[in-house]
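Following are the structures in question.
Heads up, the next two complexes both have chain A, just with different partners, chain B and then chain C.
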Partner chain A sequence: MTKEFESRPNGPGQLKVFMRSREASLVLLIAILTAITTVLNPRFLSPQSLKDLMLNVSIIALLVLGQTIIILMRQIDLSISSIVGITAFLSGTLFIGHPGVPSVVVVLAATLAGLILGGVNAALIAWGKIPALITTLGTLYIFRGANYAWVHGRQINAVNVPGSFLAIGTATFMGVPILTWIVLILLVVVAIGLRQYGAGREYYAIGSNPNAAVLAGINVSWRIATGFLISGAIAGLAGALWLARFGTVDATAAEGIELGVITSTVVGGVAITGGVGTVVGAVLGALLLSVFSSTLVFLRVPSFWQQAFQGAMLLLAIAVDAYLAFRHALRSRVKWSHV
Partner chain B sequence: MSQEEKSTRRLARRVNWETILAVLLAIAIVGGGILNKDFLSPENWTNLLANFVEIALLALPLSLIVITKEIDLSVASILGLSSSLLGLLWEAKVSMPLGILVCLLAGALAGALNGFLVVRFGLPSLAVTIGTLALFRGFAYVLLGDKAVADFPPEYTGFGIGTIPYTFIPSPFALFVILAVVFWLLLHHTTVGRRIYAIGGNQTAALFSGVNISRLKVSLFIASGVISALAGIIYTLRFSSSRADNGIGFELSAIAAVILGGVTVQGGRGTITGVVLSLLLIGILNNVLTLADVANEILRIVTGSLLIVSVLLPNLIASTRERLRLLQRQREIAKLAAVSTTK
Partner chain C sequence: MSSEPTIELVDIYKSFGSTRVLEGVTLPLFPGEVHSLMGENGAGKSTLVKIMAGLHLADKGAVRMGGREVLFRSTAQAQHAGVSVIYQEPTLFRDLSIAENVFMHRQPKTRYGWIDYAEMNRAVSGHLRQLGVSLRPEDPVLGLSIADQQIVEIIKALTFEAKVLIMDEPTAALSLEEVKRLFEVTQRLRDRGVAIMFVSHRLEEVFAISQRITVMRDGQVVGSGPIAEWTTEEVIRKMVGRSLDALYPKEKVDPGEVILRVRNLRRAGVFKNISFEVRRGEIVGLAGLVGAGRSEVARAIFGIDPLDSGEVSVNGTHLRNHTAQDAMAAGIGFVPEDRQQQGLVMEMTATRNATLTVLPQVQRFGFVSREKERQIAAQWTERMRLKGHIDEPVNILSGGNQQKVVLAKWLATKPKMLIVDEPTRGVDVGAKSEVHRTLSQLAKNGMAIVMISSDLPEVIGMADRVLVMHEGKLTAELSRPEATEEAIMFAATGQTTSRIQSKESKNNPKSSS
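The block that comes next holds the complex of A and B.
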């Protein structure tokens, strides 16, 4: 965000600002990675593998939207994977229990359920004053435990789900899967909301300096609560889409994906120390990680390496962020010395 | 308020939390005995104590780390890494003592990496250890894949499942007792312990009073790595099974035990006694629920809830106390105002 402040009339132009941004380096990295893999294995750019790539990244990218808002405020939401699991199974049971129910109703119900579960986090964090890490670590296990108790070994299969709903995960519009369109639209909405609206700027303000945010008259508790409500609702929507994408859902659905989401967000330039980053960057981070895992698959690296690489990427990203912040601080000190 | 009065008050507050835990513990033991007649049998206690020894080990160094206002989420992954490494080495015909030594060394290296990233780069330990949680677990999978190694020598697995002669106390638990005493002495009876509290209470003040914060924090992360690796070895020997996914999710139970034990995430508070009491409480609760045939998923819900409630409850008590104090002050002011107007 500091980049925008630097673009004064006599400062560097718009293009130059973009070229120096995190988003540009991510696009560059994705391009390089794609080029290398395509040279080694031309099938990497086939329509089918591109479609798979888009589908793979979509649900993670959707969850990244919520997590960005959370991390901007120096908070963290670990419970999203459990919310996705519960709402995915809920969507399936709605189709089984009420044959002929419109898909829209199911998606709305799942989103509402996610909103309620996000509300539990929000209440505990904003008014119970429990640190987000403790709260969402607890609800990660509580929600998943409740899910296991409810599912009780059952499973939703693709035959239980109407074809029109599964089409969200299979059909394409202009070559891009419907699922990916949904995520792109929400990305635009959240990006504009965070950039152009007062409420969006408040998320940045809280993360930059919580005390200053209070003094500036921001209702910090309420703002933090809305972040967890949004994150929960998005996770609920992701649950419905999870069912549409995979067709089969059991109690273990989406277990552990919170790590990938947090890694994507941080790799995408949203600083874990709050106040810095954009949602577009975060989604590019998800894309980079997704391209990276496809690269590993195409290069026949055993899948056991995936998790180790993911952890290494997260560590690298936070180290780069810290280095950039350090350099920025050094440069601004030099600037002040001229005054 | 005089200095003396203040310190006795603080003491009273600390005793309170541990007293509450001790009372809860007594209730749990009596309740368990009433609910199930097998509960108080020596065999069950052997089982009970053995079952939470890994988590208990993880919780000891973690308490110290949390008191310095840091966190280590990678403990369970180091446990898994050490378990996989031990299996791999044993399969490669490396002798057991050497294998165990290498595992402990790997744990120290893993902890040193955490500490190095936190101290050298000034990165938040939460982010670092989420990263190494994935990294170390990833290494465990890289080492062992989805294989399992099970044919460990009986004299070592015998230590894992055995008891101290003539008692019902499992041998791994004796190891925990020794380490708990060491950590208790370290935290409450040495200058290192005072420095740990000082860092958690006010890091800047600690720095200006000459505490080598970096060295202390790195040492704590290394200790956490070594003890997590030790827990991995014990886990492997106890079940005679080395798998990459051993101990997944143990970090939650360890953190829950630390927080329930009265250590606050804001740093600077908590005691080893409190943590040991809360470990026993969680162990007994799990045992009672298992004896009552309660499903595993309910145990998850209980552990998660314990974690949240143990922070929520003190918060609510503190805010109510604050509100009452405000009310009382308002009343006093109103009384004063009334007096002055009548004059």
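The block that comes next holds the complex of A and C.
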């Protein structure tokens, strides 16, 4: 017994902990990719190309913020692309129907609409006890179908949208697009929320062990509901920003982007089995995939390869996670056999 | 010891459906005292624990703390009142740190409303030091041993300033060294005036740590008093309440030829050097603590889990491929530990479940024939007196009846030998004795049976021979007269290997090898 009182050497230092983290490997990968591409094509680091890269990644990264919360709880939200589509068109019709309406009002209206649609998911999953995969697959189609019915072949064009609103997607501050600033600020908010507030830790707890979460006194249904509400609201905001970025919106807007968002989140180290990962890692995952596809464009790789590469990246990320988990299990077992 | 109990259960009744689990149980826990609760599986201990933990409400009776009646509707209420429970398998968040696990849902906050990680780590660090445990509060729970996870649970209880600490079979999965540490921690808590309830099957431990013992049987308290009034024999007599032979009707059978022979089975990190034989008409008990590797050996013999090396032969035929198909073809039946997950399709009827292993026999023109299904199922379900309707989905049957369906399913394949893993876990007393009667009859009719069980009286009563495992190795082979509770426990905790050596040197005269 006395030997157990001996103080154990302190754990690895903070720098070492960071170097071993998923975030560090992502940063490293992004740096390597950027370096290789720049050597092959120096225009890759031109201001215009960097701005394009930031704009391309911003909306995906924004949606990743919501998806991270969802996946941390061992849930999934497939319906986000349809919510983006509806709220993008809603934002456009608000500008057309009410000329001179302040952009802030439009953004808030889109966010509120997203919150309500997210509420549908929340109610079905948290209280209806329908698995999230099924619920959001259903609402993915329902929301998109309703959108088609409502849009009815119409289209929003850049001329219908005030220039001050479009500036969100074009203007820059300190060389960084306004759109990207908005995402960065929200990233900080969500990162702090998940790390520094009890509610944030409860998302981790639920994904890690739902039964233990109940025993700890967490209101699991409500906590899951808030996740889908946040994911919906973020998708609503993303819808308004989609309009600002592209100017043109029809019924097909944002179709299919949910898969890229989920891929980014998982590549960014948020375990699909819940409980593990950070929102910073997830956004780095989105950035990595974005840099990767730009690289392929700059290297003139045919575009159909891009999707294949993205899929390969996802499988690689999951394989790495599985390998790390296996190694960990092996280590614990070795410890056990020495008891 | 002290006069006023910290918590007292008074005349508690509890039923689940038509099964009465607790009947008028009264149990006081005193401050600064370790009170052991003993009883066979199914005596009602777990239900009693769950009532104190706030997971169940009693149908009748009262829980009193400090002389006042309390009502726990949730675990949170029980915890805040000062009652903490440590379960055999701790329920923790494996992805989060030790400190986060301790403070989940009630983290200390800084002035700005952020979580105060420094304070959290400081508090947990202090407890870890006091308990003499070399863990760091920032360590993730992932990878901690069960013993260390229990320490985390104990610290959680301490931060709730628990007045009552209930430990439900905490030592079942621990090594001897870990048990020693747990007891030191327990004694420290006792000295601080915590009322501790210790639920255990291990007599040696109970006598080492308790000041008071209560024995339950069939939902009632059958004896309670200070440790000085008890002897080991008295506790066992009260627990069992009737002679072993009446409860476990294993008929004497002269063992025939060797049916199953395994040689030097090894799977890295799980088990090694496993060799034994089972003969016709014999029931061989496989005893050991949870995690000793018993189920893993059984699963490897049946071909579900991989083997690194070793031989399995049935009736002299060597099984080469180690697949379940091979094992079944050779005549092995396997009744797994977890009925609901591995043994049954819960939504299907009993009839359909019972014939799943013999689908080709119930087909007519390639389609399943209901009539043939029923015929085949009835052969066994009737013999086992399966109560309830055999055309109802098995998820509405009682645990005992479900187990009979699993048995019927394997018996339909007409196996030469049967491996049963925890055949009576979670089964009521009546159904239990019927499962035992069935097994005994099967052995009499020439089947070879390997029975894995953690229920020591069951092993002692049913088995012709008992093999004991400890941490992946066979540590003893005991004949029926040698197989006492103490002898099995001794080997199961890895305290000797002398017995198995002496046994081998004696050279069993009936051995054909």
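Criterion: the second predicted complex is superposed on the first by the 322 of 339 C-alpha atoms of A that agree within 3 Å, B and C clash if a C-alpha of one lies under 4 Å from a C-alpha of the other, contacts with A are read in each partner's own complex, and residues count from 1 in each chain.
Definition applied: contacts are C-beta pairs under 8 Å (C-beta built on N, C-alpha and C of every residue); 3 or more make two chains touch, one makes a residue touch a chain.
Keep in mind the model is a prediction, meaning the values are calculated, not measured.
Novice: Examine A:Y197 and indicate which partner it touches, taking first as chain B and second as chain C; both and neither are also allowed.
Specialist: second
Novice: Touch test for A:I318: chain B only (first), chain C only (second), both, or neither?
Specialist: Only chain B; A:I318 stays clear of chain C.
Novice: Scan A:N209 for contacts with chain B and chain C and give back first, second, both or neither.
Specialist: second
Novice: Once chain A of both complexes is superposed, is A:I142 in touch with chain B (first), chain C (second), both, or neither?
Specialist: A:I142 sits against chain B, while chain C stays out of touch.
Novice: Check the residue A:P131 against both partner chains and state whether it touches chain B (first), chain C (second), both, or neither.
Specialist: Touch partner of A:P131: chain B, not chain C.
Novice: For A:Q306, decide between first (touching chain B), second (touching chain C), both and neither.
Specialist: Once the two structures are laid over each other on A, A:Q306 reaches chain B alone.
Novice: In the overlaid three-chain picture, which partner chain does A:I262 touch, first (chain B) or second (chain C), both, or neither?
Specialist: first
Novice: Go through chain A and flag every residue that touches chain B in one model and chain C in the other.
Specialist: In chain A, nothing is touched by chain B and also by chain C.
Novice: Show which residues of chain A lie in contact with chain C when the two form their complex.
Specialist: 1, 4-8, 11, 192, 195-198, 201-202, 204-205, 207-209, 211-218, 271, 275-276, 328, 331-337, 339
Novice: Chain A touches which residues of chain C in the complex?
Specialist: Contact set of chain C toward chain A: 74-76, 79, 91-96, 100, 104-107, 113-115, 132-134, 136, 138-139, 142-143, 145, 175, 177-178, 180-181, 184, 269, 471-472.
Novice: Give the list of chain B residues in touch with chain A in this complex.
Specialist: On the chain B side, the touching residues are 71, 117, 121-124, 126-128, 130-139, 141-142, 145-146, 244, 249, 252, 255-256, 259, 265, 295-301, 303-305, 307-308, 311-312, 315-316, 319.
Novice: Within the complex, which stretch of chain A touches chain B?
Specialist: Contacts found on chain A: 76, 124, 128-131, 133-135, 137-142, 144-149, 259, 262-263, 266, 272-273, 302, 304-312, 314-315, 318-319, 322-323.
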